[in-house]
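Let me give you the structure first, and then I'll get to my questions.
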Amino acid sequence: MDQLVSQLLLGLVSGALLVLLALGLNLIFGLLEFINFSHGALYMLGAYLTSYLATMTGDLWLALLVVPIAMAVLGAALERTIIRPMYGRDQVDALLLTFGLTYILIEGVRLVAGSGGRRVPSPGLLDFQVDLGVGRPLPAYLLFVVLVVGLVVAGLWLFLQRTNVGLIVRAGIRDHVMIRALGVRFDRYRTLVFAIGVAVAGIAGVLTGPITGVYPEMGADILILAFVVVVVGGMGSFWGAVVAGLLIGVLVSVTTLYASIYAGIVPFVLMILVMTFRPRGLLGAT
Amino acid sequence: MTDLRTPPASDGTPAGTGAAAVTIARTRGAGPARWTWGQLALLVVLAVVVMFTVPNPSLAIGMLVYGLWAAGLNLLVGYGGLVSFGHALPFAWGGYAAGLVLLHVSTSAWLAMLVAAGSMAVLSLLVGAVCLRRTEVYFSMLTLAFAQLGFFIALQWDSVTRGDDGLSGIPVPTLWLPGVTIELNALRDPLTFFLFTAVVVLVVFAAMVLYTESPMGRVLQAIRENEERARGCGYNTRLVQLATFVVAGTVAGLAGGLFAMLNNFVGLQPYWLLSGVVLIMVILGGRSSLFGPFLGAVVYLLLESSLSRSFASWQLIVGAIFVVCVLAFPQGLWGLVTQTLPSLVRRGRRTAR
Amino acid sequence: MSRSAGDLVLEAQGLDRSFGGIHAVDDVSLEVPEGSLHAIIGPNGSGKTTLFNLITGHTRPTSGRVRFAGEDITGMPYSKVARKGLAKSYQITTVFPLLTVFENVRIAAQAAGHAYVFWRPADGIRAVTRRTEEVLERIGLAADRDVVASNLSHGDQRRLDLAIALATSPRLLLLDEPTAGMSPPETAATVELVQELNRDVTILMIEHKMDVILTIADRITVLHQGRKLFEGTPDEVRDHPEVKEVYLTGSR
């Protein structure tokens, strides 16, 4: 029982990281109308930046502040330079472009940092175990991860509900044609939204570092899972991504406990079921 | 209505005007210009060039196999507007199917190919039915997810796939023809293997050209242009897309089977890791024909064999070429040769006068 | 199936559709006899397009039935309805932009007998080619057959849109504002074309331009706030006081 509870909690942690990536994908899709294939690679880049910064400063805190900003700037730069020419073209082209970008980012990191992984020191301040009363004691860092993800999710939700940009993004998710008609005046918003999406991926990268370390391919597998989350939750659905992310995190984690060889398959089985019986996703608009 | 002005030129030409259509056609890489049966002749020429110029026979045969695979994928990507990110699935499946037949059932090349292609056709029907529940980005994400699922199964189902080790020691296939029996040993007799592959590839390629030229293939392109309108003409558009998914899957299954026969090995590497590579071949070669992706495959493999020896991060260059292709030359290499170069020459002549 | 002039091609009974409590179409019935040219008018938001969507199966009615050529087609998917001979031309021009004019029409022409043929080249199917050329000739686009559709002028694109609908050899043609956004000469040409088409195809059309409707329609249905306000001949509509008021004050 203790084991199950612990595994559930661990599942929530990995699910929370998936949620961050899926929300970024959803956000970008909402306004920019394409799936950012390089999202995983950008997450990996954020994790690498964290690894260097944390090694330099001996702690994670600076990275948690600097990396999201750096990633946002990078995101804005990418949007302004290579993604912007894709608007008005087929959706497919932007997808392909970011796919190519993935190659460049992964190979670039391999060239600079080598193919082997790097470690990221976990923050000394959180280097203790917390007994929640259920399950075995958990490292405080994992609880910290859940807390940060919760804050980011809340922040994004407020951003979508309370700001003009949020209003446009929400409208865009519902009606792409309208956004297209609004045309060029929303270039700034596109840049902003892409930057935010990338920054959120960066935050996920920062948080992952101390748990798994960093390696060039770390973005590839989690990107596919994030896709599954988006599909299962319902494309464009905010809470769909949150629910599906946590659900898949927990399902994988629990399956690992009982039948580890099936753990990798579980998300896909869930996805096939959802696509068959509810093609718009669990919370997708109909 | 004052805010609905068309975007400035930097954002692409406004849609709806005549010049824009040409621009769109060019940027989409799916221009209306078609090479139909001439592609078959081009393919024969390319195969002959490969045969006499590529010194490594295994690489030369690989070019034919990958070329066929990429051309098949382009039925989905270029003709159907359906970007599959999981085309390694049918390739790997075909490889395992052929490998298992050769190992456990019979060394007949015909049977191995038949099972590889046939079983993949059935599987494509099932996978396609799910992936085509929604199109566009959904389709891309779902195909990728299915390929990942296949990878996990191949990794875990040790008793059949031998997991990480893969199926090695696949026996040399035998080709029974009326009157003769030929050993398809790529190591000892690469020329025979090459010729055999070339014939198979040509026949399948011709069938694909026919498919794109048939009413069905035309509808597929019409759906890419305007699905709602195609429905309005009375077409079951999903049926057409599903049929194409099955064709592309079957061709990839066959290519995977040939690849297994060539290498006498099937495993996680490289079979399951090639979804991205085959897509690069398609984009590099050009989406507006079947020959383009074939050329893309040959060029990619040439790049790989020459660059990878001298530069470990050669994929960085591939990625950069790919991005430049999508940004500036979405019509790909073949489009560059057939569309851009002639117009440049024409312009050059005009200024020369 | 015999086709005498009195047969009803389309029969809608008590069509009703509400979106979130608001009745977009409220208990509308419609009878379109073979060979007629029936028009639907009404101010913006009076439910014309929704009514079309209910007929074509794009939208499911909350209640009511649609019968086409004697067969119940309520809630049938659009592609199936289209196969039965109900073609629609769109309000926003919808052609296959990167295909040639010929190819555009051929796609529609082959739908009837050669829809899913994959074992022979389309170029070799004589009957389809002949049908395509016939339609192009009739619509007046024969000279532009090799032009890429998106390079046509707006007016020609609308004609091509019509040609696609016509090439499926429909029994009933739904036209959604066929003259929208056209200059007066283009409008005149289109009116002529519609009248010419009506010689062998039944037409049900939505139109905004009152003068157009009054010249060409046999019968007119006036919609107002989702309800049928009046139905009659052009002369009756012209003289109807309530229609005059609604149409003149309610429109833009």
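We call the chains A, B and C, going by the order they appear; numbering starts again at 1 in every chain.
Throughout what follows, contacts are C-beta pairs under 8 Å (C-beta built on N, C-alpha and C of every residue); 3 or more make two chains touch, one makes a residue touch a chain.
The shown structure was predicted, so the numbers you read here are calculated from the model rather than taken from an experiment.
Centroid distances built from C-alpha atoms place C farthest away from chain B. Central chain by Cα centroid: B, whose mean Cα position is closest to the mean of all protein Cα atoms.
Here the spacing of chain B and chain C, counted between their Cα centres, is 41 Å.
Centre-to-centre spacing of chain A and chain B amounts to 31 Å, using the average Cα coordinate of each chain.
The geometric centre of chain A is 47 Å away from that of chain C, both derived from CA atoms.
Touching two or more other chains at once are residues 24, 28 of chain B. Per the touch definition, chain B reaches chain A in the complex via residues 3-8, 11-12, 15, 24, 27-28, 77, 81, 83, 85, 130, 133-134, 136-138, 140-142, 144-146, 148-149, 152-153, 155-156, 276, 279-280, 283, 312-313, 315-316, 318-320, 322-323, 325-327, 330.
Chain contact summary for the complex, chain A toward chain B: residues 29, 34-35, 82, 84-85, 87-93, 95-97, 99-104, 106-108, 110-111, 181-185, 187, 221, 224, 227-228, 230-231, 235, 261-262, 264-265, 267-269, 271-272, 275-276, 279. Within the complex, the chain C residues that touch chain B are 78-80, 82-83, 87-88, 90, 94-100, 103-104, 106-108, 110-112, 114-123, 125, 128, 148-151, 164-165, 168.
Partner chain C is touched in their complex by these residues of chain B: 16, 18, 20-22, 24-25, 28, 30-32, 210-211, 213-219, 221-222, 225-226, 228-237, 239-240, 243.
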